[in-house]
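Below you will find the structure I want to go over with you.
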Amino acid sequence: MLIVMRDHATSEEIDHVVALLKEAGAEAHLSRGEVKTIIGVIGDREVMYSLELEGLPGVEQVIRVLKPYKLVSRDFQPEDTVVRVGSAAIGGPSFAVIAGPCSVESEEQVLATARAVKAAGATMLRGGAFKPRTSPYAFQGLGVEGLRLLREAADEVGLPFVTEVLDVRDAETVAEYADMLQVGARNMQNFMMLDELGKLRKPILLKRGLSATIEEVLSAAEYVLKGGNRDVVICERGIRTFETYTRNTLDLAAVAALKTLTHLPVIADPSHGTGRRDLVRPMCRAALAAGADGVMVEVHVDPEHARCDGPQSLTPEMFAGLMNDLRPFAALEGRRIGSEG
Amino acid sequence: MLIVMRDHATSEEIDHVVALLKEAGAEAHLSRGEVKTIIGVIGDREVMYSLELEGLPGVEQVIRVLKPYKLVSRDFQPEDTVVRVGSAAIGGPSFAVIAGPCSVESEEQVLATARAVKAAGATMLRGGAFKPRTSPYAFQGLGVEGLRLLREAADEVGLPFVTEVLDVRDAETVAEYADMLQVGARNMQNFMMLDELGKLRKPILLKRGLSATIEEVLSAAEYVLKGGNRDVVICERGIRTFETYTRNTLDLAAVAALKTLTHLPVIADPSHGTGRRDLVRPMCRAALAAGADGVMVEVHVDPEHARCDGPQSLTPEMFAGLMNDLRPFAALEGRRIGSEG
Amino acid sequence: MLIVMRDHATSEEIDHVVALLKEAGAEAHLSRGEVKTIIGVIGDREVMYSLELEGLPGVEQVIRVLKPYKLVSRDFQPEDTVVRVGSAAIGGPSFAVIAGPCSVESEEQVLATARAVKAAGATMLRGGAFKPRTSPYAFQGLGVEGLRLLREAADEVGLPFVTEVLDVRDAETVAEYADMLQVGARNMQNFMMLDELGKLRKPILLKRGLSATIEEVLSAAEYVLKGGNRDVVICERGIRTFETYTRNTLDLAAVAALKTLTHLPVIADPSHGTGRRDLVRPMCRAALAAGADGVMVEVHVDPEHARCDGPQSLTPEMFAGLMNDLRPFAALEGRRIGSEG
Amino acid sequence: MLIVMRDHATSEEIDHVVALLKEAGAEAHLSRGEVKTIIGVIGDREVMYSLELEGLPGVEQVIRVLKPYKLVSRDFQPEDTVVRVGSAAIGGPSFAVIAGPCSVESEEQVLATARAVKAAGATMLRGGAFKPRTSPYAFQGLGVEGLRLLREAADEVGLPFVTEVLDVRDAETVAEYADMLQVGARNMQNFMMLDELGKLRKPILLKRGLSATIEEVLSAAEYVLKGGNRDVVICERGIRTFETYTRNTLDLAAVAALKTLTHLPVIADPSHGTGRRDLVRPMCRAALAAGADGVMVEVHVDPEHARCDGPQSLTPEMFAGLMNDLRPFAALEGRRIGSEG
């Protein structure tokens, strides 16, 4: 930690800061310039993040050099983590393609979609049983019945599936049915849920919050790892900006940056990231090229009758076209999609 | 709902949209221009928000004219709601001042702060027992022991208190101790928690999310009212923008706008909204002038040793100065702070 | 400047940075921790802002402690600057109210509006002769004829006026007619124009850019002062965020912050800041309460026929009501509006 | 244009709006629902964008269906525009790689860099002679001498070059030296400059502003085309968001979206878009995969001594590696880089 004192801070102010640091068990190193004094602080992460020095007399700026996370960092573990989800792997040479409907609506719908995405080469199934909706008047999902239908369809086609945990109280129930548990963007900083998921032995798909910084998504992942669960995949799904043409702004540079900062796998969700069917294909390709370990794509057998996110869902035909498009790109990267390579 | 068709959309495309609308139980009215056809749709809110027409062939844009909320709207209830919290009232002629430490750290700290803010004229006490922290290595609050200390201090000085519910599983426990339950910014779209709080008979303080639109915060409040709890106060606490000098950007125009859109009381939190002690005073005054029904202010007897948000906490002396500053402003507005008027 | 080296940076890397600093004429002070070395750098502003060290081997972060501006800073001049514009003063005990139409449309319109705002107590007239418009198909202003009409109306009612310079080539022409020259938000970083205005002997109204940080608007003002023109007023007019209910997000905390950072007067423009007539009044009051030295308000004798910004323009009656509303607030602050006090 | 009236708007209010529309020469079509009346308006673009109806009594919302641009639209010209710049082409089957230093610093520097990028396969040279800098104390470029050095280097290696016009008064001078003129992000809405460039017979590289929407960048391009200059290339270079790890947020979905909306070529600038050398390579690949017609990359023979943007500049070696990396990707897309295919 660095503490930049104001121009001409007094000796009393400087001594006072140093005394507080000592009291907290940290070491202080002073650099006195003619107008500025800077205090370098050595101590452990916990102390650094519990000290609040910004408002002290004479203090201009406090700069934290230690990051608020550790276990997720490449400094801590240089080699890539590969997360296994049933028959699928995320990270390493595999490029994961997770596909399925926004929400489970009926047995026919989920089964038909599961068959279609499996046939086209998807490596995992996705689908929502509990849906977070801005308006209380919108469709909220089928709940546990949805989980059952997803399990059935997944088993039928032989793909593992991921679904969102919306309520911390449902975590164990969801874990009974699903192969992987998703933390949605709105819950990325639901720290109690992160703690709870840290105790489970199921892989976690952690979506970046709409206004979460790269540092914050890594800190959220740290909660899960700190709890004992090392199988976390981070998903970039668009951040909220002033642009309204797209539903969100898919931040692919964050994908590339995350790959340098963490050993965890990182995937992208162009369906939510753009909110527009016509942009899903180019952005899946771009995600692959940016270094993502996979993509998540909404597919619906009948998007016109989808009860949520119809405008961004691909038809099975469009999805098959996307898969054909991605394979040579993946090959160029030395990656394979599923077991096809 | 309005559906704008693409230039020269075909009759088939138009008929197809109309058929889907009828199937869903909505009425369609066509306006055919030379190049553009527009379809006006009449139906109830539930239907409008469950239809997903954006991706249909020939559809350019879907514009929802019905808002995603109803009960919170001034159209539904023109007169101001006044929320009673123990001895305090929020809304109407009272201007609420809710003050206290970011987090409860010890019996002495919370009691001393409670006495100080009571003496200066605060109308309610605040304090965190469960703290949402970006880093898992930062202080997370005293938990239930914190609730007990808050209750004790509140009773001792004779003020009601508000505290955050961080975990939906703790809602009832928190409700046993606290006079008002706070939904933090990170949980504003934790819909399961909103549902749960809708069932309680305790007033709710709902903080706007860091990247939530005005429409979204109203929709979040709608969840609570729809559940049966009408006592909701909305709190603007700063949104996330590109500006880094302030911790967040306090959006006072949202306060003024919310006052026109909803009958619920609206307050502002300049401590979190700016993150800087020196900006709390001017922004409290500005909030009052913009039409807020109250402010929420962090006060700490010893900000230098605060375990969270020290840089934005006022000392008791600064808080007393703020109160003296606010009273004539409030009087000018025909409002009183507590029982002093 | 502080240079934070990566963990375990090598001696060669550190020496290399130090050598480059010496080469540039700066002094380097090392603090070596066990894992981190930090280099404190002393040198002048020019050198600090021309060195680019971020990409050097072993360098993790470069933190500039010296601000990119000097002349505009309160450190450089602690006492408030009062800018005189003809009969009006901006800054100090006066609270400026600058009012008038978005654009000059006709002799009758500008004259009628000028008379109305003067009668209500405005201290300055505003009006656009050259209009920046997003679409090339929108009305672009009357040009020099507009300047002439503004001069005429201003003289007739006895108020100074401010108008925007849209093209650096017009700066001198505009200066012949106007009492104060406005730099619009879109030109805030048109550095060539700032240089040119620095050479003029006319006061400048500098509007904050839509995505400009507080530091950037101060740096833009520094360009004008560095050129020799000390009469600059900064205007907060809303920044661009994700919120769409309001046209922009009026950042009043920036007003309060600017007042602590600079000696220059700071005003707010709630008309552009909110884009909604119904929010102009509360936000003018809030600006005053936040410490602004004035407000800028769009007024049109016939907003329905306004050729630009009708939705945010007040009628003369609404403006008179606003003035009546502001006076007691200003009095409470010990400020007067025009010569009425 | 659609006008949504408030619930239960009166007949007088509706008639009044209709009368104003007729007066302006537009046609009004009414759809009366039980609670809502909607007015469809037919008229030309100029009229639609000069009418300001948002503030009229009874009007809730005005929705413009006609876009504020025409000539740049794919509706106007479905086939791709290919812009020729000397020996290079941007758009069509070619994938353009524009490389060179942020700023021209010396004859040796620009010549060495030009040789290096040519050798590696760049199709165009870039370099800044006039530099926009936030701080007036930073290096501002060599001016006309820089233009001369760029011309010399470009001729020597046989590549066309692009450079920024910072001041509208310099446009003709820059056009004498350069093969393509760049409008920087800060000048994207400098409408007077856009008008001036519309009169020139040189291709224009238009960079998206830091907070410009997709619609606004297209409207800015429309200014140039409306002036008579059809040779415009749009460049995505990152928008300003809350994320601070990257300098800006490179919005590749905007590239994909622009390709569907306009026939003009669209390129990306990962150097400015990310501000980090280590992210340039993945983001160049991602831009190609997203459908960009080219990339712009900062290269410096000696980034450590670069006078601007050192941290984001590639060395010649890194640039050669990037080119080798891009070629097979481009081939997969059926595109060639320069004449190598």
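Note that the chains are named A, B, C and D in the order they appear, and that numbering of residues resets to 1 at the start of each chain.
Just so we're on the same page, a contact is a pair of C-beta atoms (placed from the backbone, for glycine too) under 8 Å apart; a residue touches a chain by one contact, two chains touch by 3 or more.
Note that the structure is a prediction, hence the values are computed from the model and not measured.
Comparing chain pairs A-C and B-C, the larger number of C-beta contacts belongs to B-C. Interface of chain A with chain B: the two copies contact each other largely through the same residue positions, with over half of all numbers used appearing on both sides.
Averaged C-alpha coordinates give centres for chain A and chain C that are 39 Å from one another. Annotation: 26 Å between the Cα-based centres of chain A and chain B.
Each chain gets one centre point, the mean of its Cα atoms, and the points for chain B and chain C are 31 Å apart.
Residues of chain C found to touch two or more other chains are 211, 215, 240-242, 244.
Residues 2, 4, 7, 29, 31, 33-34, 36, 38, 40, 42, 60-61, 63, 65, 75, 240-242, 244 of chain D are the ones that touch chain B when the two sit in their complex. Those residues of chain B that touch chain A in the complex are listed here as 20, 45-46, 49-50, 52-56, 68-69, 132-140, 166-169, 186-187, 189-192, 209-211, 215-216, 219, 222-223, 226, 240, 277, 303-313. Residue ranges on chain D touching chain A, taken from their complex, read 211, 213-215, 239, 241-246, 249-254, 256-257, 259-260, 270, 273-274, 276, 278-279, 282-283, 285-291, 328-329, 332.
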